[in-house]
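Residue numbering begins at 1 within each chain, and the chains themselves are lettered A, B and C in the order written.
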């Protein structure tokens, strides 16, 4: 179930904080909160929590505050989680799989594919809110209708290809595979 | 005798729904019934971000009934002193939403439903009531009109067979998911360590008391500072549920109460049917859509195979990856477990 | 002015551990002669397999206690399973003495006649308490995880019942179909060799970091720490607590009863009672978190 990005894919991603990824993701999250206001209700008091999301196979990390229309996403370096109550660490493809619900967070955690530290209850609240949201890539980039469906098909298809690439790339290294 | 009649009926597959999305996933994966609870302390899976508002439940019932699936609402914690009305209102709301049954364990809740809603909703006895003898089950059936008992996970298949011969109500048995090794509803280990417990708060080993601490020896999983287990780097972990921890006792270090395993009675479906069990229950309202879809689909196939007179398909292997610690047990259903 | 609340009474709970018959006989002989308790619960609660060993000693123990003026309560099993165990409950429920109900199994057999509910029966609120009172409950000792405030709330709403607070002893926290003494010794429950007899106060269970935590007693799990809740009499009166339960251990239980008697009579301050208890050979640290609606393991010092 674990899939790590092969090196050549990793190089396709931006390599440093400062790329305009943060503002774009912040805008997406706030737009999502405007379109589906009930979605963030499940977070309750944890909406104001600072989540340090650290994709281990990327050169940067995120600080996410999922506070509805005041939500923010900041791209930061790997040491940027100092003031966060929660850290979630794992391969980017697994983290994305949690977002679209294609993989189960508990199973990924029990098998040590993703690691968490800090306020466990905040992780659980976020996990459960995301689960129920049934997010698609189009939700996150603010598309609807036909463009949204095309975006979903394209991005999910792309992710699926990336996962297969990653699994194939990992296959020759059995010592890294886990049950 | 009600035994032979029960044998002819199809067994009901009862599946968990922690959120509306999971409810839809369970229904679409082939659940005969789903069970869920309100987003508060009235149900025994009171985790942050989980469960249903009244509106969500009403919508969930509409969706489920549209697919021929029943909805059972768990109001299965013990009402707090001076606040019993909150539990009674939860039952009233469940009835108003069109729930097919209420699952309760507290006498206060059972009494309220039996007195006010006897004709509009079925009453199922929660496993939290830990009724495991014919005398106890008959008491709940005669006093409150309980129609089904969720049987405690301490009985073996022969004991369930004997029990079903002695009672006139349906039984529901857990077949998959988390496994309580202590008698449910009578375990205060969690509140001893953390102040919160299944009976009082609807949580066991609550997440706010959990910490995973990395040190030079690997990772320690702690509950309110009590070390429940340690893991070497890369070793599969579990949630620090008290009864699945590793402890020192009598000069030995061991999983004294139970290994970090999940229940999987998939191979015992036929045995449970012969034992007179009416419904098979999958644990896991705290688990996600992916988990629920996969487990429900696998059990749907297995139950259908048994109902068609064939063997249960080999589902242990399919589901191994979903388990805590990756390992499974048939638990108390096989007497050797004790 | 309200009439002063009656002084709470002392109850000696049932012995939860597997003590040999001679030890039980000696223990109760001394309790009968010396312990200032009004009520004594006798009988096996934890494991039906122990009953053949202890059963023969009860007639003499009961006779001796009653001769000494103690009210004897017959305790019943918390987790009856076999036909023999269920029959023992039915027989005990037929007795003219008071009976302690620890599982709903006993309720139909005892309904309509007076009984005590033990800490293994789930009584969490006034509605449940009133329901049981109507069936014959006279004393209710709620589950150990309930706070003094919660018990007080039930007592205020249900004055027809006397509420009993678990004040002293390792806290009974869980019961299982599985025997942990047998499991630890690599034995099957059906051929357990009664290894639980080796641990007359339970066997300590520590964490991997050697923190004292729990204790096992066959199919039962208790706290490692010892509940030693020593409230001022006016606090008990304010919460309408009718009785304090002392749970037997191998330490000097007469001294424990004397210390609590002095507390209830206003002859000793809580601090002095705690000091007296701590001088005894207790199996663990003294705690009282549950009474304050905190985690059960918390000590008096940690709470304030």
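The working rule: contacts are C-beta pairs under 8 Å (C-beta built on N, C-alpha and C of every residue); 3 or more make two chains touch, one makes a residue touch a chain.
Just so it is clear, the model here is predicted, and its values are computed rather than measured.
Undergrad: So which one's got more C-beta contacts, A-B or B-C?
TA: Counting C-beta pairs in contact for A-B and B-C gives the edge to B-C.
Undergrad: Which chain has its C-alpha centre closest to the mean of all protein C-alpha atoms shown?
TA: Checking distances from each chain centre to the full centroid gives B.
Undergrad: Taking the mean of the C-alpha atoms as each chain's centre, how many Å separate subunit A from subunit C?
TA: Computed value for the inter-centroid distance: 52 Å.
Undergrad: At what distance in angstrom does the C-alpha mean of subunit B lie from that of subunit A?
TA: 30
Undergrad: Please tell me the distance, in whole Å, between the geometric centres of subunit B and subunit C computed from their C-alpha atoms.
TA: Centre-to-centre distance between subunit B and subunit C: 30 Å.
Undergrad: Quick one: which residues in subunit C touch 2 or more of the other chains?
TA: Where subunit C is concerned, no single residue meets two or more other chains.
Undergrad: Going by the contact rule set out above, which residues of subunit B touch subunit A in the complex?
TA: Subunit B reaches subunit A through residues 18-22, 47-50, 206-208, 210-214, 231, 234-239, 286-291, 320-326.
Undergrad: Name, in rising order, each residue of subunit B that touches subunit C in their complex.
TA: Residues of subunit B touching subunit C: 78-84, 105-108, 111-112, 129, 131-136, 138-140, 152-155, 159, 181-183, 185-189, 191-195, 197, 199-200, 220, 224-230, 243, 245-250, 252-254, 256-258, 332, 336-338.
Undergrad: Using the touch definition from the top, list the residues of subunit C that touch subunit B in their complex.
TA: So the residues of subunit C in touch with subunit B come to 78-81, 86, 89, 103-109, 120, 122, 124-128, 131-132, 143-145, 149-150, 153-154, 157, 171, 173-180, 182-185, 188-190, 203-211, 213-214, 216, 221, 223, 289-290, 293-297.
Undergrad: Within their complex, state which residues of subunit A touch subunit B.
TA: 1, 42-44, 46, 101-107, 109-112, 115-117, 119-129, 131-134, 178-179
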